[in-house]
Amino acid sequence: MTDTWTLHPDRALPADPVTRPIAREIYAAVQDLPIVSMHGHVDVDAFADDEPFPDPAQLLVVPDHYLTRMLVSQGANLPELGVGPAGAPGFEADPREIFRRFCAGWKHFRGTPTRYWTEHELVEIFGVTVRPSAETADQVYDQIAERLAEPDFRPRALLDRFNIEVIATTDPAWSPLDAHSRLAAELPGRVLPTFRPDPLLHPARATWRGDLERLATASGIATDTYDGYLAALRERRAAFVAAGGLATDHGHFSADTTPLPDDVARTLFEKAFAAEPDTGGAVLSAAEEAAFSAHMLFQMAAMSAEDGLVMQFHPGVLRDHDPAVAAAFGPDKGYDIPVAVDFAQGLRPVLEAFGNSQSFRMIAFTIDEDVYSRELAPLAGVYPALRLGAPWWFLDAPDAMARFREAATETAGFSNMSGFVDDTRAFCSIPARHDLARRVDAGYLARLVAEHRLDLDEAVETAADLAYHLPKQAYAAR
Amino acid sequence: MTDTWTLHPDRALPADPVTRPIAREIYAAVQDLPIVSMHGHVDVDAFADDEPFPDPAQLLVVPDHYLTRMLVSQGANLPELGVGPAGAPGFEADPREIFRRFCAGWKHFRGTPTRYWTEHELVEIFGVTVRPSAETADQVYDQIAERLAEPDFRPRALLDRFNIEVIATTDPAWSPLDAHSRLAAELPGRVLPTFRPDPLLHPARATWRGDLERLATASGIATDTYDGYLAALRERRAAFVAAGGLATDHGHFSADTTPLPDDVARTLFEKAFAAEPDTGGAVLSAAEEAAFSAHMLFQMAAMSAEDGLVMQFHPGVLRDHDPAVAAAFGPDKGYDIPVAVDFAQGLRPVLEAFGNSQSFRMIAFTIDEDVYSRELAPLAGVYPALRLGAPWWFLDAPDAMARFREAATETAGFSNMSGFVDDTRAFCSIPARHDLARRVDAGYLARLVAEHRLDLDEAVETAADLAYHLPKQAYAAR
Amino acid sequence: MTDTWTLHPDRALPADPVTRPIAREIYAAVQDLPIVSMHGHVDVDAFADDEPFPDPAQLLVVPDHYLTRMLVSQGANLPELGVGPAGAPGFEADPREIFRRFCAGWKHFRGTPTRYWTEHELVEIFGVTVRPSAETADQVYDQIAERLAEPDFRPRALLDRFNIEVIATTDPAWSPLDAHSRLAAELPGRVLPTFRPDPLLHPARATWRGDLERLATASGIATDTYDGYLAALRERRAAFVAAGGLATDHGHFSADTTPLPDDVARTLFEKAFAAEPDTGGAVLSAAEEAAFSAHMLFQMAAMSAEDGLVMQFHPGVLRDHDPAVAAAFGPDKGYDIPVAVDFAQGLRPVLEAFGNSQSFRMIAFTIDEDVYSRELAPLAGVYPALRLGAPWWFLDAPDAMARFREAATETAGFSNMSGFVDDTRAFCSIPARHDLARRVDAGYLARLVAEHRLDLDEAVETAADLAYHLPKQAYAAR
């Protein structure tokens, strides 16, 4: 390694000498298309306040659970990476020290997308000139820190530099949407809210009663009855629509969407609500909780068919696999583990009811690869309301993305895909992620061309569809 | 695109410059082998009557649910594609208009096998000279229509032109086999019936009682008792054997084959039979229905071990996922969705009983890719009675076929495969399907040669086995 | 084929001309690293007694269920391959005749790892000069037999020739470890025992009561109470540690590790123990049996956290799929079939308890490929105690190994793998297996380099990690 670190222009394109030049040509045609980031988790305040990002560790390491989980798997603990309550034993407050630990563990990221994205960020965005290691950690830190102090590295400037045409944030159902109101005036149509009601649809969560109150406050509708609860949800959805929102976002354990008879749902709500607030709704049995959540997914679909919000659905994650970690450090710390999902039977009630409707759209994401060819592609290949989301989360990686194309395209075609979304809270990784997806798609399409299964003009058009036009279409208001 | 549309001779062969020439050599050795089409759904009357095919839309679009489902997923509805009852609102009777809708949606088939097969058919069979599009639709239509009027395009002439040595149809258990009798005289050994008893093994279906009566009529054996029912099934199997049939065909939701004690099975039959005909056998609980169907699969296996009919089994499809579509337009309209299957435990009773027998043969198909390496290849790699069917249905596609080879061969070898079958009702797609399979197999074998895992002479011999000899052996009467 | 049979130096490396030279370079760097064989089933007496191996059939054919199962699937029966009780009808006692049957079936191994390994053994170890076939069988037999008579072909000489630094055997919990004691003196640190308690943790097995007595005898602790049973297991683990053992080995049907309350476990033990010895513990219901076995896995994990033995876990096999074969010929005859496994929920209790501990290590193996990207890689990518075992059993094959790398690496990285293990009782196949794994890994890493996702120096270092350093680290005493 020298200290002139550069990225190869052909990275992540197929190696085969027949396919690579075709891939290059396809990639060149989409490389500079604007970024449409319709599913992500960057904090809206970053854009509303437009403050400089903090230090390199707080920007790149601490909030990125892809990255901290790998270091944890190799023996680090979360506090020494600056994660968790500031007062906890071993908590590291010095960002430079945290960054050193990350650089010392650089080897462990080999073969992972974290490595790929981070390289892209360091070289392309921050102009870092040396590969991270225990020895170079301070040099890399300083190079990034210097950049972060410049005005060109504030969020709104980066929004332009990254060529982001539109970006969606994810917001609680009870969000007052103040920041979005300011942004609607200052950056019209550029930063959109997404309605995420998950905690309100799970009475067993300890926060449920408190969240119901937040919902009541935000909506101005009492949530102490089932009807009020539904009305308040409907009101907030309307507020999101008014604020430019195009979509909702739903993460459930199961894909079940079976509706309950109204009186059964009402009774479950009342039973959960009657429990002492400090027990949450834990008075529901596990089966009742699951049935109520499934029922509420159906209600969300029904409301989407009315108000046109696109329903993003990504079930199949066992959250907080180690509850002790969640208790000590909070959620989203890398201990969320996928489980098998049954989309064919789970989505059936919603698709029977709304799957052939032009006023409803669902985009389904999964981290259970089995369902691509078995369930999701066959479903999306017939129901007009269903689109397949990009390979999600752990599967947002070069080989996994290629497997998705290979497994889903032959049955669902390209037109039933919703195109790439980055699904990230790591703002500076967004260009890297979209660029990588465009490269992988170029490689897949190039193979189809090289195998004479597609003409080059079609491949170029399809690459642009996947990168730009399909997400625009898929997330358009219904 | 110019108006001299041709297909590349290397299509669907690997792009890599080391592997492609080897693949070409392997493919050349099998390209012209006769077609053995032992599992398909072409209507026997096409051959018996040998009438000209109707217009291009009725030949290529309307009956092909692969094709109509993709157009539906992109916003078309079935009546405007000529599917469903002729009087229905929006029903399109003009074949040219239907064909225009298909050509206008040509883009949506990119990357799918429908695209690949259709190209082959249009160029190789019908001599079409322009790529389909909204603009060229009428020209393509006319070119096909002109051909269809020629005597060389009647079914029997095409049977020769397609180099089809033998083709199996699929026929209800109660079929009188009249058409097959005529064909046995006129085209001896060329068109064979396949015994499909599914509706008779599912008492919950609304048609069950009516189908029992059809069975009674065809067999001359009363089916109002369990013993009569079994005897009638056995009689019809014998009739299929007499008519040249070599196989049975079974599509069930589950892979379960657990037999019931005789008296339990008898009681379930009597309970279902006693229900009012217009409720079908819905008097059985879902669990009873499933148990009875599983039991009857075991009975079918037992009869196969006696009469030598090869038992084709392809479980794991949730039929009529949207019941409203089935009610309005009938079954097989593209709304059948795969589900996960447990072959390891499901097939156990049949394999325990007959799996080591030389007089029994089962060929298992799936659209659940997970089971290739986990269950099917390990089972076929030890039980002499079991062969693995070709990648089925949605998996009859270039990348999916390659995945099947990669996942199944290392454990099951080639000798435990049954070779390619086309499983289609689209007669004119048969050469395209077999040709594509031969190309994909040539590519897979060429990689083994290029990686020095197989010698070229072995690869050539294996390609011929997969294309021709293995289906002949696998479907030979036991 | 000529009679100068050789193996191509590039075998199992990628064919693509850009990737192959890189793969060659990576492979060259690891080709001669010592073999670390930490999970295998070679009989310890082979090394303790150092007797010459018997004839070619007894060495290569009869004990290898990969090989005999394929011949069975093609119509052979086990007795004619010399498998099963010597007096059985059709039992073949002549090794030359058995070897002829194997050579005559050589074709059926095309595309399988058995073919690949056997080629390597025949050419590289035994200097065989002709490809096996019905015609060459005797010549091949004689060439091998001649070698086996030479002193250089005794087990200890081969241990050196194979460059095996250390090899672990698998031993019943009640093993007196006599052979290991001798080996500790004569070949210190070279042949290590592995503690396998499976039959003791499954009260329903017919051998359970007898095995409990064996445990009592070996440990000197009465096993007629639950506490005695646990104490005796703990004592034997200590004996294995004292004899140099580094690991335990656990094969269960399910991945469930849920502990029971102590009194419930005690009651189940007593209930099973109270049953008449000749019924085994079959007095437990299937659910009780499963719960007890899961509980005991948790106990084994707890003991591993105390004594530092690495816990190897490979669930998900339905043993003796055809019970009649097991009854006639014994276990491990090729009729063990994988089933789907739920690692995410199954391992949760153990990982909650010990997953973040530095004193516990679990290595998880599977033959259910679905769980690589869905469950195992996400789990190993965060829990420091968990490492992913090599692709196991049917998946120890070139394409399957490549799929493992592709599916697991992007989420788990390389550092959370335990490297290659051969898991074989076929001693002479060990070099072939390790060599093949090194080639496949070189190919995978070469692709990452060719796609500019990894630098060459990193790839070379990683290849050495996978081949040598990671197994050393993963199996180091905790």
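All chains are identified by letter, namely A, B and C, in their written order; residue positions are counted from 1 within each chain.
Here, a residue touches a chain if its C-beta (ideal position, glycine included) is under 8 Å from a C-beta of that chain, and two chains touch if they have at least 3 such contacts.
All figures in this text were calculated on a predicted structure; none of them were measured in a lab.
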Taking only the C-alpha atoms, how many degrees of rotation bring subunit B onto subunit C, rounded to the nearest 5? 120
Type of subunit A:subunit B copy interface by residue overlap (half), same or different: different
Taking each chain's centre as the mean position of its Cα atoms, how many Å separate subunit A from subunit B? 39
Where subunit B touches two or more other chains at once, the residues are 16-17, 340, 370
Under the definition above, what is the set of subunit A residues touching subunit C in their complex? 1, 7-8, 10-17, 69-70, 72-75, 107-113, 115-116, 318, 321-325, 334-335, 337-340, 367-370, 394-395, 397-400, 403
State the interface residues of subunit A toward subunit B in the complex, per the touch definition above. 16-19, 340, 342, 344-345, 348, 351-352, 355-356, 358, 370, 373-375, 377-384, 386, 406-407, 409-416, 447-448, 450-455, 457-458, 462
